[in-house]
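Dumping the structure here so I can ask a few things about it.
We call the chains A, B, C and D, going by the order they appear; numbering starts again at 1 in every chain.
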Amino acid sequence: TKKSDNETAAASSGKAADQVKVALVPGGAHPYFQPWKTAATEAKTELKLGDATFNETSGWDQTKQNDVIKSLAAQGYNAFGIFGVAPENINSTFEDLKRQGFAVGSLASCPAGDVNKADFCLSTDTGEAAYKATKAAIEAIGGKGNLVHLTGNKVDSNTQRRIAGVDKAVGETAGQVKVIQVVTDIDTDLQTAQKAVADLLAAKGTQVNGIVTTAYNPAVAAAEGIRQSKLPIKLIAIDDDKTILDGIKDGSVSGTVLQNPAGQALVGSYALLKLSEGCTMAKPGVVVDSGSFIVTKANVDTYETDRKAKTDELRTAFDGQYLTCK
Amino acid sequence: MTLTATSLSATSRKPELTLAVIAVVGFVALAIATGGNLLSAGTLEAFFRFLAVPIVIGLSQMVVLAVGQMNLSVGALTGFCAMAAAWLMLEAGLPAPIAVLAALALGLAVGLANGILVVLTRINGFIVTLATMTIIQGLRYGVNGPDTFQGYSEGLRAFGRASILGLPAVFLVAIAVAVLVGLYFSRTVSGRKLLASGGSPFAARLSGISNDRSLITAHGLSGLLAGVAAVITVAASGSVNATIGDDLLLPSFAAPIIGGVALTGGMVSVTGTVLAAFLVRLVDVMQAQFGINPRWVDLIIGAVVLGAVLLGTVRQKLQKGST
Amino acid sequence: MLVAEKLVKTFPGVRALDGANLTLRPGSVHALLGENGAGKSTLVKLLTGVYRPDGGRILSDGAELQFGGPLDAQKAGIGVVHQERNLIPAFSVGENIVLHHLPGRAGWLDKQRMRAEARRCLELLEVDLDPDMPVSRLSVAQGQLVEIAKALSLDSKVLLLDEPTASLTGDEADRLYSVVRRLRDSGHAVVLVSHKLEEVFAVADTVTVLRDGRSVAEAEPLEGHTQSQIVDLMVGRAFASIELARHPVDASQTPALRLSDVATGLGHQDINLSVRPGEILGLYGLVGAGRSELAKAVLGLERITAGTVEIHGKPARIRNVGEALRRYRLGYVTEDRKDEGLFLEQPVTRNIAVTVWRRLAKAGFVPDRRERALAATYVERLGIRVSTPQQLAGQLSGGNQQKVSLAKWLAAECDVLIVDEPTVGIDVRTKAAFHELIAGLAAEGLALLLISSDLPETVVLADRIAVMSELRIVGELDNDHDYQRMSQQIIRLIHAEPSNPGTLRPTES
Amino acid sequence: MTAQVESPAPPDAPPAKPRRLPLWANPRIGLVVLLVLLVALFTTLRPAFLDTRLTLTPLQSDISVYLVVGLAQLSVLSLGHMNLAVGRMAATSAFAMGLVHDKLGAGLIVSLAAGLLVGALLGALAGLIISRTGVNSFVVTLAMDFALVGLITILYASATDGVAFPTMPSGMEALRFDTFADYCMGDVCGPRIPLVVPIAIAAALLVGLFFRWSRVGREVLMTGSNMRAAELSGIPTRYRIVQAHALSGLIAALAGFLLAANNGAFSASIGDSFLLPSFLAPVLGGTLLVGGAVSVLGTALGAALTQVIYKGLNLLQFQLDQLQLYIGLVLLAALSLDRFRHVLAERRGAKL
């Protein structure tokens, strides 16, 4: 006979704030997640959490990430904000955690498919961000010409969404703009990206008018590659790493798509706290866009205010719209 | 598969010939297929510029294979030395030549440490370098977290971009290194002793050769070459971060082994290693030229290597049939 | 004067030396004798710094020597040819010869000097080998010659030779011994380890006999001893040589193995041979005559380009040894035990049982018990000295390794057996026992092709002797077991033949 | 690497008598001792290390997966070969399992069998190429790895709309979550051991049996020990090479299955991280890369050791750079200690 799982159904609700220990687990080391680190400290003091930690030791491996999460649970962490390494597998991990009565948020990436087994998903709408980036690139090249899309792991549903987003924006130009190449799987390391960019520019540099990058290493590599080749190519990068902001300031990068990692971490921690205190999701598994912004030379010094505003807006939305508290 | 000693030794130079033929045929075919684009200055430049590191890293692995060892830390070490050099220039404000020398010295030191650990603990070199690889990965990440260094010494980057007679300076550096390594193994007493230790450790010991010294020398040299690869990377790429070197481990083995170097030690093939690196690079470029999905490229690389393997065997069969 | 006092050396499970003494005087050739496993090679290795003694001392002119490694012994003026081949396969002949002291100029290898030095040493032995040839292309015997040249290159005061002639024929051995005499006359001390007592008596002045790791005779003058006295000392009791019982061969039987007009890819031409059940055919020839290669061609390891091979009267197409064993019950004992005969890193048991697992297995699994029993039978029958049957084959003494390599094929219970240099490095007593065994196998109806460069052995054992020279059969003789007459006839056959166009072609031409 | 093992013994040793090294000198025992020491260390530092539900149970699942991964590599290490395509063979087999279930509606057993078959065939193919051409296994399996990486994505893209199958055969959930404690006979429930553990143990026992007692397994080892001698002893070395590689592929497929169960989906990324661990477990356990000898028990201990180190350091919550630093250092320190013990044992052993 099989025993029922009642022992694991420990009540998740009714904890005091200082009993709530939040763990933010990214997929691995990546500049994108660095704001999470400060956000975790911030959330801990501001929300008076029992603890908040940031652990980036997963090394882009789902098995290891599961391991890290279990270790954190063993350490007493009871609320998790997770960037799942493998979107197609991550629901099982969420389920696992939910069974143990933990509050779980999917941060910065949603599970593949239509189902989200976490309490909520707070992430950039990657398709939308890629769409915006492509729009910006089309504008930068004057609404006409050839684009190249550089991105990461092809066997990743986020990448698929990005490719779709790019296609959507290009589709709206009625054939004026074409994507002549999509280069995937070059976000594994910087050198691979540099090599791919150099080869691409050597092969097709003269036909390319704009490059859209939707992953970090390709963005860095493309900025450098364009600078070196001195080709008149417009580049839309991603994120606000110092290298890329420098590029925008010196003109070698036309613009970048910003996401809202700090907001994800802050609002995510807030929601996890509320859930642990006894609130429930109005719509379990709801997907919330954490926002994306185009930054160009024009607003490179002021974009931070927009982002703050978006974060505040998100928090209000969680309070009023997504969470139901008794 | 005959068992005579004669046929075994006669085939020892064949992989290089086969590789050379494939390399030439592949290059010409690609040049024709791209309508000559491959031969345009820019493409050829990019082709050779990114061939430099694979060559040097392949040699770095080959040196330890020569004594029957492996060095799993080559990739991580390259990244670490590159990060250290960039850090010295940007954060410590040292001039480029000093940073370059420091990177080389760091590579040599870590390599020697690998060798000494192998000799002292008598633990399998595979495990020792696996452990040091993890350690070095940690250090590499520790230099600057996940962030990227760029904007260091203009002079060094100019060198990375420079060409001499249409060939990138870094590629010429790699070739010079290859020639030196080749000379080391074929012409110097120390190099011959290394090979003797690798070929038959017991016989070498009976001839008064210290196998321990050979192991340490080989690992040290391997580390030094990783340092060279790091310098080339820093110069040619213009920006480095903690992911540098992650793509080097498998290629470092692939180049010498496809080039005909045995894992059991005792033999090297600089030409084979260089040619194998050339071939792999050819496939890279093909991908960019035709915009092929990298996954298909993987399939093609796989097929090409298996094809080369079969071709070599067929050639051997034909030759045997003719005698 | 080099003196070894009460040397002790223990390996896990074996005490190889147990207080052995040796005294060496300049200007003399000293024989070191003993049965297989008596500790001769171990003593040689202690004297050359390969192993460190667990007890006892080594003195040179009264001063104690401590060797940290082989290099120290070389520096102390001791040169050596070890029993096992120790060449670097990928290196050239020349480089192997001067490996101890690679000539360099500011770190660069001086190839000119290397070649000159190598040539000088080869010329001492009157061997015509190209110093630039890779040693991987040499035959066992040629490799042995290179090893000797290598030892000579050091020009050391003391030279230790551990079975230098095991795989050499008389001619080459004679050349080596003339070098040895020259060295002695110029004041060198030479130690000679050998199981060929005729040779020992011909060159050595004094003798030390080892038994079970102890010296039972020390530096006694050889003159005044007879061979049988020495053998008695080695064995530890009176040892009577055995008269082999001879069985007539039934000439009407179909040959068990028959080659007709065989030619091979290596250049053998018009080979005609046949062996009947119960018969021993000796195949004699000088080193490099092509006998081993012919055997391998029969086994399918080399190409046969013309002619037919018949087994029990039926044409046979053998593609590999497995097929030879299973379908034709034909076995081959290789001459190269280290590379082709033994699994050095495996226990003796497995080395012996490997050919019969198929027979021992029950439902695909080999019961340890049956395997052990089988191995024990052959360890006993051949007198293989092991500490336990689980000892690794690589840890046995040279002669005992040879016995293991043989045991494997005796266990296989074949109808036709090709044995290639079966008694290389085997001591007198075991050799006699082995001869008895071979004769016994023949009496039971086995057909044997005996490839041997040991002429006395061939004359003792064979019913008929075929002589091979430069890849052809140059004659076949009925053996009347009279050594004098047979040897003269054979030598005449080998040398009468005018220089033959069919020399052995290397694969790469 | 050591050409000759020196075993110094004092002059007063008694006459030769078969003598074994003491029990504690056995390298396997050394690993056990290390394991116990590490567990004790981690438990003192973090009592949560002994938390059954959150630490020990998942730890057992992880060890099981990596034991099987190690066995896949061990099967060809026996020949002195390598299988660089272990991960990809696992992934391709997992794809086959997913496909058979998803498209044909097959159950757990049938899907598993199909996957194992695919794995074995892939392995056999690698073995066939190696034995026919005589080219280094490294090159052949590396090429195979590349070819399969490409193939897998293309396969998943054509068979699913993403990179994973949406469903899994019933029963895999239980393999993932359940322990024997969930199954009770009356009041007696089993121990908290995950259901995957017996599968891994069975695989280890079978592999052990194969190499220790089966004729084919022994002949594989002999082939690895000295190929020419094996050929000249009548062993069909080519078949043995094919068989060993087929076994490797089969076990890799099993590892893929276990990982899919552990992670919760048949996906393209299965096996991505198999390569280094596949070598680590057997080599730590004393299997050499030169062939001719294998240690299944050692592989199990090697897998356990690495997972314990990893788990323990995770619990200590190091940041990324420190974590890697310590993994390397602990591994080195532990093995050097083990080496020291071995040398000591040899000395003592010679004195006994």
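As a working rule, contacts are C-beta pairs under 8 Å (C-beta built on N, C-alpha and C of every residue); 3 or more make two chains touch, one makes a residue touch a chain.
Note that the structure is predicted; figures quoted are calculated from it, not measured.
S.K.: Could you find the two chains linked by the most C-beta contact pairs?
M.R.: B-D
S.K.: Centroid of chain C to centroid of chain D, CA atoms only: how many Å?
M.R.: Taking the mean C-alpha position of each chain, the two centres sit 43 Å apart.
S.K.: Just curious, how far off is chain D from chain A if you go by their C-alpha centres, in Å?
M.R.: The mean C-alpha positions of chain A and chain D differ by 35 Å.
S.K.: Can you list every residue of chain A that touches 2 or more other chains, as numbers and ranges?
M.R.: 29, 154
S.K.: Check each residue of chain B and list the ones that touch at least two other chains.
M.R.: Where chain B meets two or more other chains at a single residue, that happens at 3, 141, 202, 205, 295.
S.K.: So which stretches of chain D touch two or more other chains?
M.R.: In chain D, 4, 153, 228, 231-232, 320, 323 touch at least two other chains.
S.K.: How do the chains pair up in terms of touching? List each pair.
M.R.: Every touching chain pair, ordered by label, is A-B, A-D, B-C, B-D, C-D.
S.K.: Which stretch or stretches of chain B touch chain A in the complex?
M.R.: 34, 37, 40, 42-43, 45-47, 49-50, 53, 141, 145-148, 150-151, 161, 233, 237-248, 284-285, 287-289, 291, 293-295
S.K.: Would you tell me which residues of chain D are touching chain A in their complex?
M.R.: 46, 48-49, 51, 54-55, 58, 62, 65, 153, 156, 162-164, 166, 176-178, 181-185, 189, 259, 262-265, 267-269, 272-273, 310-311, 314-315, 317-320, 323
S.K.: In the complex, go through chain C and note every residue touching chain B.
M.R.: Residues in contact with chain B: 48, 50, 69-71, 74, 82, 86-91, 95, 99-100, 102, 104, 107-109, 134, 136-138, 265, 293, 296, 301-302, 340, 505-509.
S.K.: Which of the residues in chain A end up touching chain D in this complex?
M.R.: 1-3, 5, 29, 53, 55-57, 61-64, 66-68, 70-76, 86, 88-89, 91-93, 95-96, 99, 112-113, 154-157, 160
S.K.: In the complex of these two chains, what residues of chain B are touching chain D?
M.R.: Residue list for chain B touching chain D: 1, 3, 68-69, 72, 117-118, 120-128, 130-139, 141-142, 201-202, 205, 211, 215, 250, 253-254, 257-258, 262-264, 295-306, 309-310, 312-313.
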